[in-house]
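Chain naming follows the written order as A, B, C and D, and within any one chain the residues start at number 1.
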């Protein structure tokens, strides 16, 4: 059994990790690190774990969390991951960081967007940005994994097949994304207050959101040249789920069929990416609680434009699910191990 | 025009008062007192008032709020109303307090339940507990009005006709109440966090909730003898609305028809209480944004028990609407003035 | 008093009309026409009108609905408005049609999109497409008014100031719109089933939605030349409200300030269009139950692109509210008469 | 592997069964019977099963569904289960019926409440009402299992420990239950229409609901003497989850501690019933998607009354989860097999 600890276990992504790892056939949960609930049982913080995960939470800096673990998952606010990662790596543990600290290769850009110092260059250089469907081999070799943001995951999986063809206008990309509220985390604030959010759809992150450089970095790598993305996030009055509507002008000749075939072939055999059949639209609830990414692709012949609709659970494929998928690759396990949850419906 | 100020204007009940008063034909809003947004325009705090109420907010202790007003509405946390009320009364203004400070005639009970000192006895003695359908004449004479809590309003209106007959078992009353989340106010907390509350029905306030003594006090007055209530509040994942299901054993002979007739007659002519016709169940959305209280009455012949279902908007008849209805009476205005909002549906 | 009848009164737009007209100072509701509830009181269909609108509903074809009315509001499925409109006009009544029948000037296009015969050309020629902020004078002269769709209203108000300058790329417009579920009407179906929609964000209307030609027609008129719109609608798990995120490439030089100033000046003095101050984002709940359209405008200097966010209540400014605003103009009333509702919040 | 077929697979309980069985380590799903989607793949009806359960649906009367199965799950409208059950039993298959047909031992009562003929007496006599925590041994011997209703499950588990002591007033029981909307099934109707239900809490089922006789039958069996229940159901604007607040007068001496200890001991070792620790209230989302029943017990010393709060997922322990738990017992499998889902949170 692989010994795993989760530091930042009581955040929403953290507790989703605990849920997945508690049911993982090759993992034993050995430590939970928290900032606010030290000394409490995990099931006191989250009563739905009563009788299931009753581990006592340790402080995030408790050395046992790192010493005893084969893999350390970090779900910390940005700026807090680097020292924990360094310690774990020094002890030959592997690290999966769900925060933003290792996602941007350019440390200066990181500091500009996040207003905290970037991790040291040696750590940054070591980190692998991990979307398995894009970089499976590199992930399998990684010891320090930068788990992608939820918005970038939905947009990158939605655009990769097209970018790989090179037949797009790289300045035309618009990603209009809509996220459930759990993406904002567990911290109470007016902007996540039930009475304020319920029945209330809104836009935010204008003129520019932190996930933009992450998207541009990875999409440019796939495309092979620099490109830009106009990314606008919205808040949907629902808890989980994310849908990105992605607009991109094409070059060359396309049809609805050739567009769909491109996606179907690109993702054939992928256990966690499904291309919806013609006439179907993906919906967020169809991936609820799962590690799936569902795609719909539509061709606008008047504009030679593709509209790609990409749906994930922001806490699943957008966070904890993808983290475990990455861990499976890093340890040579079956990629789907512990991730066979079917979406809860209705 | 009656000059009105609202102290505690940015709480949910406060802003609902502002909405109602801004459309009241005989009222001019002259001052808004706040604790956290001093110096900001009201429409900066609540953008839906842009172009409608752009008044600059003053501090709650700003003397102008009291000096210039014919009526002062207080929407303050408990323990804060008494000094403001005393000042306003000294200047011959009338006071409508939406908080709890003047609701319990027994100052000791108040202190026990609310953990703050009770207002001085002279103020307590002066306060009139104001449900117009129960005590219209006393309210018309009042200068200091204790506006009832939302739970008590729904339960008292639901039980008054039966209690007035005296033909009930006074120890059998159970009030199982369900409230929308706006009743918990605008303060951000984990218990009102969108991701925690959405899709999540829960009970709270056990073994005993603060609104119990208020209910028992007023219901006992109506009944003419002491009685007790088993009151259990629940939180519904919705913003506005409250439904109380009230169980009471009857004495004497009853039928479905006689029970319904009692209610229909008792509330005939009341503009804000409607008894639903046979076969209909009241629903919270049918009073959304209005000052209505809708009642359904059902007779259980096997147990000689009445089940009364009482529905209000917790911010309307449960708070700001009733406050304005009381003000109308206190100033000799048409009782429905400014309160003709029809529920927003669907 | 203007005598008004509403044909199609029990649909959601119809009942919202009834709500507004019941509180209109210059209107007397004289008739309600329905397809399914003939002979029932309106308040039996919608209990929240108990004691407020207890009129008995007539069949939609009852001649009294047209004979006795100074203005007839039609809220019928498409294809059903023309004969009713003709009759009303013959009796010198004015007509406000909330359906789609008179919106497209090109009858053939209408038939292609709606699969029913278009109204006769003389009626089509007579109809005025009514967004008051765009065509106030023409509306004041109209006897047959085509009340716009909700999506077009939000997009047209969001784009008009820019199109009037001519400094846009007319082929670059993308309107990514998100609507509450009440826009789908009151008819029960799997796609509007509570358990299917709740917590479920989805896209629909691809590759092309019926509101596209309506938008293109009116936007082209404003722009002075033909243009196209890529319009993609989405369904938000909430009841009321609509937000459109509109992307348009600009020509010439712009700044955030010049862009915002354009909108502020264009809509200065408009009672129902508000431009949000810098740093604020419009939210759907801030117009809930009102006739407001709130706009936010954001400049992307890297792309010389404007992002306009436009928010309305789909049943308010998107249907019944705008219908009454149009009626006010058609009868020479104060434009805001009966439309002073402040959004219900929270 | 046990071969299982689900007849009525596209109802909400049916598809939840499919979800659970698809992940069950000892079950192979061999047939899906439907009424409306014959010939379609299951994943066309429910796209979230794409790539997971792509079985083609057969008609409910297709003999293969019964012939090939070791166990047949029936999720049919009432009145339709008996012939299917008889056929399956004749072929030595076991039957778990999720409908109401075999729940009431008294066929006449069944016909009175459900308005359809009762199954023949030999079948009724053979059926075992299956709540494992109450009748584990009988279930293990059963070939025809009547899977309980969701409301009765929540109430029976909430009351059993007290009834077994005999120290209650058997005429005092009030069960005030609140259910999510998925309990009303997948059929589209006005009463489950998104725009009608959202933000709308309501009561229904008065004066008496079909689940009352089922509760009274089973509670009387546990108590050893006839008792009655005043049961009032409510509809909560959420999809899944049920909370029953149960009031019962006690006899003899009790304390908060003795009451809680009774429940803790009674359910010690039960994998699917958890008694919340003092100071905690159970919430519906804490059992979302799981087979758990969470209980809170509170003592009212003024009335010598217990208030028991019982929470389940109406499609989990209230339907499909309990059905699989029963099947596990009937086949001598580990009782928790296939049921280890942890609640999805938040």
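Definition applied: contacts are C-beta pairs under 8 Å (C-beta built on N, C-alpha and C of every residue); 3 or more make two chains touch, one makes a residue touch a chain.
These numbers come from a predicted model, not from an experiment.
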| item | value |
| --- | --- |
| For chain A and chain B, chains touching each | C, D |
| Selected interface, C-D versus B-C, where C-beta contact pairs are more numerous | B-C |
| Interface composition of copies chain A and chain C: same or different, split at half | same |
| Distance-maximising chain from chain A - centres being C-alpha averages | B |
| Inter-chain centre distance, chain B versus chain C - centres from mean C-alpha coordinates, in Å | 36 |
| Chain A and chain C, separation of their C-alpha mean positions in angstrom | 39 |
| Inter-chain centre distance, chain C versus chain D - centres from mean C-alpha coordinates, in Å | 46 |
| Chain B, residues touching no fewer than two other chains | 12, 182, 186, 195-196, 198-199, 237-240, 282-283, 285, 288, 346 |
| List of chain C residues in touch with chain B within their complex | 12, 15, 19, 22-23, 46-52, 182, 186, 198-199, 239-240, 271, 274, 276, 280, 282-283, 285-290, 292, 294, 340-346 |
| Sites on chain A touched by chain C in the complex | 171, 174, 176, 178, 180, 195-196, 198-204, 206-207, 228, 230, 232, 234, 236-241, 243, 245, 247, 256, 281-285, 288, 296, 298-300, 302-303, 305, 307, 309, 346 |
| Residue ranges of chain D touching chain C (in the complex, touch as defined) | 12, 181-182, 184, 186, 188-190, 192-199, 237-239 |
